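Below are two complexes that have chain A in common, paired first with chain B and then with chain C.
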Partner chain A sequence: MKQSTTWVGKEVVRRDALEKARGLTKYASDMFLDNMLWVAACRSKYPHAVIKRIDVSRALKSPGVVAVFTHRDVPNNRYGVFVKDRPVLCDDRVRYIGDIVAIVAAESKEEAEQAVEEIVVEYEPLPVVSDPLEAMKPDAFPIHEGGNISRSTRITFGNVEEGFKASKAVVENEYRTAPQIHMFLETEAGFSYIDEKGVITVVAGGQSPYRDHHEIVSTLQLPPEKVRVVIPHVGGAFGGKDDVSVQIYLALVTWKTGRPARFVWDRDESTIAGTKRHASIVRMKTGASADGKLLANDVEIIYDTGAYTALGHAVLDVAIENCNGPYKIPNIDIKAWLVYTNNMVASAFRGFGAPQVMFAMEQQVDQLAYELGMDPIEFRLRNALKRGDVMVFGNKLETSVGISQCLEAAQNHPLWRQKETLKSEKSLPWIRRGVGVAAAIKGFTLGALPDRGSVAVELRRDGGLTVKGSFTEIGQGVVQAVAQLAADLFKIDIEKVEVVFADTGKTPDTSVTSASRQLFLAGNALKKAAENLLNLIREVLTTRYGQKVIEARFENGYVVGPGFSHSFEEVAQMLEEHGLSREVVGVYDVPRVEPIPGSLEIPHLFYMFGATLALVEVNILTGTVTVPKLVSIADVGKVVNPQTLTGQLEGAAAQGLGFALLEEPIIDKGILKTTNLSTYLIPSIKDVNEIEVIPVESFEDEGPFGAKGIGEIGIISVAPAIANAIYHAVRVRPKSAPMTPEKIYWLVKQAGLTVK
Partner chain B sequence: MKSLSYIDVFTPRSLEEALELLDKHRGELAVLAGGTDLIIQLRKAQQKAPNLLNIYMLDELRYIKHDNEIIKIGALTDFATITESPIIQRHAPVLAEAAATIGSVQILNKASIGGNIVNASPAADSLPALYVLNATLTLRSKTGTRKVAIEQFYKGYKKLDLQSGELLTEVSFPAMKQNQIGMFFKHGLRQGDAISVVNGAILLEVLNGYVKDARIALGAVAPTVVRATESEKTLIGQRLSEDVILKAAQACLTSISPIDDVRGSAAYRKEMCVNYLYMTLWQMMRMVNL
Partner chain C sequence: MQYSRVEKEFFFRLNGEEVRVRAPPGYTLLEVLRHILHLTGTKDGCSSGDCGACTVLLDGRAVHSCLTLISQVEGREVTTVEAVDEKVADAYARHGAVQCGYCTPGFVVATAYLLSKMHNPSDAEIREWLRGNLCRCTGYVKILKAVESLAGDDG
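This part shows the complex of A and B:
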């Protein structure tokens, strides 16, 4: 049911805007403590080797060194969310060049780095497995005990062979995408200290304080109450801080030395040891009937997880769930593998497995439309999911579905309507123009996995509210969104809402800030908290008025009902006088169904949808593709803060441009060659031209005020829209992302295009 | 990343003092100007970094003069100043164009033309422009002054005709004439702030519609910047036409010897040289035949 709102949907200036613009916000990497030790890592010299001997005796004597730690100092030396396959400090083997064998804690950064050079590690190099297809072969050298397949699965519904038989057009292709590096402005960074109560406190960039806490206490075998994790403002995460990075090492140093410590990765360290988006190989055979109905999709998905699984099992599920696009397809057969190699570790990255498969599927769909002589948007609309439809996995879609509205917005956009005019417009003889479209789908929340979050709300004596949750402010604006939701739920001026976030010592567990779920989750937990507070207040008022108060509501900073009206200050006092807590907790359990066989978390009950339009200019003499205009359309349920929404969608579009056109780590037998921003190119301001954002409000009944997530949807359809636009411009299919000038150049040259 | 805290930095207050120090510590000092390349190289270097002669304070090496049809640029002049200079924009627009593409605004403000020359990256964006302008370098030492043509200055990959004790103090070249046109091109892998995969400059002197003189320099396709002499020959004496510019562009292949690296394959670099020469000459043809 739609409700009128005072704050939700309004362009309220973000509460952290001024402090961030003025440079006052303190990130973990900005903070220095007295008497602090500097931590430096001794990383593997080989992508794959047996460790024969580690000798730290010389390093221990190096000037300024206080301690050196190896695997012998880690009581439980394996961790991982899905598979405990990753050592904190390597013992028997190193499996990629980011692996840490030892850490040094010294009085200065220079001394710590100098001492790292003094550590002697004897290695016996092993064969390097860098190509996932090689890694999958039965005779490939095993990187882990169980072989190189971290996970494989097959999910089928219907009968694809029947589907292809009934198809008029069938297209079959192999697509590849490169691993993408998050390249957040703030690298993995943190510091630690023992507080006055003896608690080891780790303050570090992350996305889930409670999960980081769990990884610390389980590996170091510390009592949970002796560790606290705080996540201050984070200088970018995009999924790259979903896994632990510096946290366990910081806790180890502070635990063993009793001293504060600081561990901040250099840019090249971050590019090597930070997680990546999975490199992918996706093979797809897709069929459609003469009247443009998708009938079958036969898919093989191979994702390179690098040396460790990290969050890969869940990423693979998202790939499987989204590889059919936002469409109804009666017959599917999906085989998927998550493969170990000696490459950089892959894990979460905005889109979480969806952008790779959508790069494939949305080009498949485009080709089918061309082959059948149909308009690409018309073709998509004909197959688009609607509320009440049965999805590919046999699940009924009973939540909001805005894909048709997104596609209609694209269809009505001048860029699409004028695409042939734009294409034929005169320009330099070597420039070709084209317009492309792509659609997107992604589930938000953790799908069929248990997903619960708590938020506490304290009614302060001054009549204001303090909202407490472990959601993390990674730049996305969740703190602002939570404040706006709270102001509308409690009907209070937003200035009276304080938000405390991401501190295991102060905030309840709102679980991970990922999967575009935090606004939805924290918002719903807030709704419960509002109900709980009102119930508590009713109880007090019942005692006060000597009769059961059935009706009471929040209104304009007051609690009002028949014959009474009390300000929040008065209510706070009444609660105290009755010996009741001024703080309530709201707990929200995300509705879910059992996972389908062969999956962990498929299906979600809630999906975001989107579409991207791209205008490209292809220089056929250089292969350079520029994007003068991009339109990002997203079904967000309900806009909470228009400015934040625009920021999210523009940022996702820019990051998507990087994935589509630029970002290409070059890995030579497990060695990363592009370890800085001069060789690993992300979009500069000159690469990001006009981006138009169009929100579609489909109103999700289960969402707070109708809202869904927005964090990821904007990136998913960018690369395929650009690929489809390139096809429209020059009639070649770029099946490998990033679509760099050199790749496009050879494709165009092969196609024999010449200057007009 | 290596710490550089152990090195000594000498900061002279005059050119004279700088030359004195260079002489005294012959072969032991690296010269620090804007530092945009040098500091990164020192931090990445495997061997011990040398001590530094920091000349950044020597304002006497910051100038752009138009002197008797010769343009003189002090070695410490930064690229933002060069790009914006009315003298350069009017008398050597090809250099203004090249200077603007060297890097981000921050780099343009800090990096000096002398640094770009002495750092000797084959991909340095100012060099092709200086080649086609026939630039002369002034090298000073405690004992004297020497002038070297820019083409003679580079003896191989990062090998310079620069003696220990010598400091590059000035770059000079003749102002472009009314009948000369120059254009710079650069192929980076993104639109802003990328190191060149290929770059180049073309300077044509046109008389009555015929090319009287042509100078073409190409970067990032050989150990040093090279002149595309065959391309130049193809153009000289001709009217610019579709046919002539295509032949001239293709003729560059005899002058270049690119390699494969993280930014592109040798084969791609070759094609880019030809195609950029074609595109640039095409635009110059338009200007000439207006």
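This part shows the complex of A and C:
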């Protein structure tokens, strides 16, 4: 049901913005405690080697050194969310160059770094497996016991052979994408100390305080109540802080030495040791009938997880779920592998496995449209999912589906309507223009996995509210959004709403900040909390008035009902007088669906949709592609704060642009050569031109005030839209991202294009 | 070679006040600001001159403090984001140009410098002057709007 709102839907300046802009906000990397130790890591010298011996005796004598830790100091030296395949400190083997063999804690940064040089590690190098296709071969050198396939699965519906037989056009291609590096501006950083109650407190950039807490207590075998994890404002994450980084090491140092510690990765450590977007190889054979109906999709997905699984099992599921696009296809056959190599570890990155497969599928669809002589948007619209449809996996879509609206918005956009004019317009003789489109789909929440979020709401004595949840503020604006939702749910002025976030000592578990789920989960849990508070108040009033109070509602900072009206201050006082807590908890469980055979979390109940239009200019002499304009269209349900929404979509578009054109890590036999921002280029203000954002508000009944998720959808269709625009401009299909000048130059040359 | 911590005393003006600080001579201005003085508005995004998060004004000119040795600062005037005219930060906040905010102080200082040199910069000039500052969150759209809102403003 649609409700009227005061704060939800309103453009409000974020409460954290000014402090951040003035440099006053304290991030984890900004804290320097008295008596603090500096931590430095001794990382592997080889992408793959057996450890013969570790000798830390010289390092221990190095000036300023307080302690050196190795695997012997870690009681349970394996961790991981899906597979416990990752050592905290390497014991028998190193499997990539980011692996840590020992850590040093010293009085100063320089002394810690100096001592790392004094650690002697004897290695016996092993064969380096850097190519996932090689790694998959049965005779490949195994990186883990049990071989190099971390997970493989096959999911089929219908019969693809029949589908291809009935198809008029069938296209078959192989696509590749490079591992994208998050390059958040604040690297992995944290500090730790023992608080006055003797609790080891780790304050570090992250996305899930309770998960980080779990990884610490399970590896160090500490009593859970002896560890607290706090995540302050984080200087960017995008999925790259979904896994633990510095947390376990900090807890270890503080636990063993009793002293505060600081561990902040340098930029090159961050690029080498932090997680990445999975490099991908995707093969697709896709067929459509003469009247433009998709009939079959035969897909092979190979994702390179690097040395460890991290969140890869879930990422692979998202790839499988999204590789058919937002379309109805009766026959699918999807084979997928998550493969170990000695490359950098891959895990979550905005889009979580979807951008790679959509780079493939949206070019397949485009090519089919061209082959059938149909308009690419018309073709997509003919196949677009609608509410009530049965999706490829046999699940019925009963929640909001805005893909048709997104595609129609693209179709009506001047950029699309004028694309042939734009293409033929006169410009420099070596420039070719083109316009491309691509669609996107992404499930949000954790799909068929259990997904629960809790928040607590404290009614303060001053009549204000404090909302507490373990959501993390990674830049996306969740704190602001939660304040707006709370203000409307409790009908109170937003200035009176305080938000406390991401602290296992103070906030209940709202679970992970990923999968674009936080706004949705926290919002729904808040709704429950509001109901619970009203129930509590009704009970108190019933006792007070000696007759049953059935009706009560929030209104303008008051609780009102027939014949009564109490301010929040009064209510707070009443609760205290009755010996009741002023805090209520709201818990929301995402309705469960059964996973389909062969999957972990497919399907989702809820999906976001989107589409991107791109205008490109291809320089056929140099192969350089520029993007004068991107239009990002997204179905995100009800918009909570337009400024935050457009900011998320613009930022996602720019990251998508980097993924599409610029961001190319050079990896030589497992060794990353591009370890800084001058060799691994992310978009600068000169690379990003006009970005127009069009929200399509398809109301989601289950969402708080109709809202869905917003974090990820904007990145997914950017690279394929640019690829399709390049095709429109120069009639070649770039099947490998990033689409660097070198690649485009050769494609254009092969196609024999010349300056007019 | 054994590292030994040799320190020297340095003197400079920081945000209008005189400071004397003992630091290893190899330290950068960024290290002195953050690690010794704990003045952390100036951020460290790369320590190698590539991201602009560490931008400060040195005698009124924008520099990367991660590439500026503390010895080069001797006797000079340093202005960090904490002392830059608040209206610049305010424009960033109001236009939604702040997400994670880790890049923002650097942008704010670079913008203050740009406006001190150019009253009414064009879109192309803003892009040229801010090209050394990287932001991974915003896509720059709102950053441009924020800077444009300050252009030609005499207040």
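By our rule, the second predicted complex is superposed on the first by the 756 of 756 C-alpha atoms of A that agree within 3 Å, B and C clash if a C-alpha of one lies under 4 Å from a C-alpha of the other, contacts with A are read in each partner's own complex, and residues count from 1 in each chain.
Everything that follows uses one rule, which is that a residue touches a chain if its C-beta (ideal position, glycine included) is under 8 Å from a C-beta of that chain, and two chains touch if they have at least 3 such contacts.
From a predicted model like this one, the values you see are computed outputs, not experimental measurements.
A.B. asks: Thinking of the overlay built on chain A, is A:50 touched by chain B (first), by chain C (second), by both, or by neither?
C.D. replies: Neither: A:50 stays clear of chain B and chain C.
A.B. asks: When the two structures are overlaid on chain A, which partner does A:622 contact: first (chain B), second (chain C), both, or neither?
C.D. replies: A:622 sits against chain B, while chain C stays out of touch.
A.B. asks: Among the partners chain B and chain C, which is in contact with a greater number of residues of chain A?
C.D. replies: The partner with more contacted residues on chain A is C.
A.B. asks: Go through the superposed model and pick first if A:20 touches only chain B, second if only chain C, both, or neither.
C.D. replies: A:20: touches chain C, not chain B.
A.B. asks: Give one of first, second, both or neither to describe whether A:266 is in contact with chain B, with chain C, with both, or with none.
C.D. replies: both
A.B. asks: Which partner does A:109 reach: the first (chain B), the second (chain C), both, or neither?
C.D. replies: In the superposition, A:109 contacts both chain B and chain C.
A.B. asks: Between chain B and chain C, whom does A:290 touch in the aligned arrangement: first, second, both, or neither?
C.D. replies: Neither partner.
A.B. asks: For A:678, using the defined touch cut-off, is the partner it touches chain B, chain C, both, or neither? Pick first, second, both or neither.
C.D. replies: In the superposed model, A:678 contacts both chain B and chain C.
A.B. asks: Return first, second, both or neither, reflecting whether A:474 touches chain B, chain C, both chains, or no partner chain.
C.D. replies: In the superposition, A:474 contacts chain C only.
A.B. asks: Taking the superposition as given, does A:236 touch the first partner, chain B, the second, chain C, both, or neither?
C.D. replies: Second partner only, chain C.
A.B. asks: Shared contact residues on chain A for chain B and chain C?
C.D. replies: The overlap between the chain B and chain C interfaces on chain A comprises residues 109-110, 114, 266, 678, 683-686.
A.B. asks: Which residues of chain A touch chain B once you look at their complex with the stated criterion?
C.D. replies: 109-110, 113-114, 266, 268, 428-430, 621-622, 624, 626, 661-662, 666, 673-674, 678-679, 681, 683-687, 740-742, 745-746, 749
A.B. asks: Give the list of chain B residues in touch with chain A in this complex.
C.D. replies: 1-3, 5, 104, 187, 189-195, 262-265, 268, 271-272, 275-276, 278-279, 282
A.B. asks: Along chain C, where are the residues that touch chain A in the complex?
C.D. replies: The touching residues are 2-5, 24, 34-35, 38, 40-51, 53, 80-82, 86, 88-90, 92-94, 96-105, 108, 126-128, 130-131, 133-144.
A.B. asks: For the complex, give me every residue of chain A touching chain C.
C.D. replies: For this pair, the touching residues of chain A are 13-14, 16-18, 20-27, 29-30, 32, 62-64, 108-111, 114, 182-187, 233-238, 266-267, 474-477, 643-644, 646-647, 650-655, 676-678, 682-686, 688, 691.
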